[in-house]
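Step one of this worksheet: look at the structure below.
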């Protein structure tokens, strides 16, 4: 197990290295106007000096080597637009806890709402009118069919009028936290509900369920002890996806509600062409998604005794 | 051989089962009557799709959601099981009175629960035991089906067992329910030939020890010859011949039974093609007129296409649904090799 | 709709012949004579022949909701093409002017001239509410929203279809290579392992950020990694075709590869590709909205639903101008939901497990 995790981590580092190198090289291809506030008024010399200060005049391989040297020593460079001269890691470190906090809260809500909803829908498929299933499906379809960008906007628009809620986020007013977290959790809630329902319906047609029925286990106990547990295993696979969903959702939600977090920061950095900051943020986002995948695989192995990690290389 | 009526433990009367499929109605079971006697071992034989599984599942309320009992009665212990509507009714029957062993041991155990847990579940439900005593009973059940080192095996997951061992576990679960009737739905089909005999022996021993009534569902006449006291031959959702084992094997009356027996590879003559029944079973989406086997039967009578034959009694224990037994019918002899079966005798007991 | 009747002619014939057979009257003696034996009669009793595509279509048609949305999407598609031909012709990018009554900014009363008539001046026709002149009103700079919406729908659908097509074409091509050319297996597997780990939206953001914004960039950014998933799927299918037991058995019986491909691979592949395409379109539209929001979208002179939503978002605090947000939002939601539902319904219909009832 430990050996497997070690191997996977090593592999993830390689992946990260490749991706960041590609991103780094691509970012160097951007027009140089973007690096300066008042490009038109600058002389050729000023531009050259400016570029030199940013370390952009070196040959590309040297720049790349410097970048990785910096990463290894924990130096990702300084911001030159967003907060000039401040270490990007310092900027991010100040914002990351809030983003993680909101993201985690959203994930918890998704699980707390999505799983029971999925169970309810699966149960309802056995009733005459399947009302619960139909209502749940409408919810899932609306959330998955309508672009997140749209329903985030509509939620902000309509629900911010409720008492306590607001169009914007204030650290010291807990009620203003509700809307962004709720918005962020909706996508995953629908996702979990949909897949849990599907897996539970699939599982309940399996032979071992028939055997359990034949030995006289009541339906409620079958669905609790046998079906749910088995349906949950493949669902664990979706944890990485839901982490990615939350990350990407946070980009939009954070900037929509002016939350001083990491997601809003990436949007700001992109709009201001603050390349060092973009670089650092992409690195962190990629690392989180890769870690999410690893955690998903490990959880799966923990839940299913049939899966032994390490036997199959990168078994996903 | 028990035959008197008060020895009947389970009785099907004119049972009709229908399925709604692709918007059409399929008549899976067409007016079938059958008595099961206490302590006997009955084999229901037929090709796949003949309705044998559906027939027995109806006695446990385990029909798929699109299947309904459209008519007839199933009597068990003075109660008509066809009137059962709620789950609570069925819980008094399932496991407690009738238990089941299914075909594929690879899929009939929950992969995420230890074998012990799955037996324990049955013990807790049906034996008046709790805690350590229940656990001891579960381990005991594992030992009783011939699994070595039951304490260690108790904590293992199904994937750590071989196919034959898993089937033993499934049997242990069924027996741990302390049922009166054990339905074995193709219990050896998915197993290696070498394991098959072991499993059949195990069921036979348990039947004797626990005073069970067993119903085997199978398409394998070899299995039947090994275990059955009585045989019911099923074709296209109807039982066409029923009798004691030797009666059906050595004196079969229905042309379908002849054809079925002729398909036994043991009867093949070296150098000749093995016998196979021409054609396919009828499409049960349409109403079957007369004898369902008639279109495949080279010796069918005109009446076979018009009217469904009644049961003709051959002996008090042997009856068959074929017009050939009608006094008006021409005399038709079973094929030569069927008559030789009696002399060959042992061939089927391989 | 006779084309889709379930009972095909063959089974129809069979049931009729059976009925005729049984209606024949026999005399008492005849009843117990041997019937003429027809060796083929037994074969005819078999189950009606199963056609994958017919069953798929049938299962899809039975899904009323999906059929409804299919009509919606077809109507929308048709209309986006017909709309420029309608007599109501206004250029989406033309800025309109109209005669407007001058208002006093403080009293909010019309300014009157000496004769007591309101002063009328030609001004930018901006923020005009939906009416008979501008059916969907005008936007903040006086462009006609009706033509903008339809031209935007056209452009957004184009982006969606382009992404879906590239995804399918590149995915199938690379997937077949991946599966058949063993030397490439390692390369593709590693490529997949690397890129599958990165969120697609992030890739799209980075690419749109680095390249000059435009339709091409946007399509490129969205296609860059999405085909990998399709390719991997196709590759797995190819490997299955190569190694799965039933195909091996089929080949042993002398089935030509062409037939295995058309009968075993294609139905599955086509259904999955269709579903992926149906779901890729709303995803692309969704990404477009998002990229536009972080100002990486298509330039404003190309109306897209993303641009329109973004323009509407900017004025949403003004109750009178909210139509500028809601009209594009409704059109967009209708399109994405339709595709989503159709895609899922088709996936269900294409699954042979659902052909049973």
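In order of appearance the chains are A, B and C, and numbering begins at 1 in each one.
Note that in this section a residue touches a chain if its C-beta (ideal position, glycine included) is under 8 Å from a C-beta of that chain, and two chains touch if they have at least 3 such contacts.
In this text, all values refer to a predicted model and were calculated from it rather than measured experimentally.
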If you average all the Cα positions, which chain's own average lands nearest? C
Identity of the chain that, by mean CA position, is farthest from chain C: B
Just how far, in Å, is the C-alpha centre of chain B from the one of chain A? 54
Could you grab the centroid distance between chain B and chain C? Build each centroid from C-alpha atoms only and quote it in angstrom. 50
Rounded Å distance between chain A and chain C, as computed from the means of their C-alpha atoms: 26
Which chain C residues sit where two or more other chains touch them? none
Can you pull out the residues of chain A that are in contact with at least two other chains? none
As the complex stands, chain A meets chain C at residues 11-12, 15, 18-19, 23, 26-27, 29-30, 141-142, 144-150, 153-154, 157, 244, 247-248, 251-252, 255, 266-267, 270-271, 278, 282, 285-286, 289-290, 293, 314
Which residues of chain C touch chain A once you look at their complex with the stated criterion? 193-194, 197-199, 201-202, 205-207, 209-210, 282, 285-286, 289-290, 293-296, 309, 313, 316, 325, 329, 332-333, 336-337, 339-341, 344
Residues on chain B engaged by chain C in the complex (per definition of touch): 20-24, 66, 278-283, 285-286, 289-290, 294-306, 323, 326, 328-330
Parts of chain B lying in touch with chain A, wherever the complex brings them together: 60, 62, 65, 87, 91, 93-96, 99-100, 102, 104, 107-113, 121-122, 125-126, 157, 159, 170, 173-174, 177
In their complex, what parts of chain A are in touch with chain B? 126, 206-208, 210-219, 225-226, 229-230, 233, 303-306
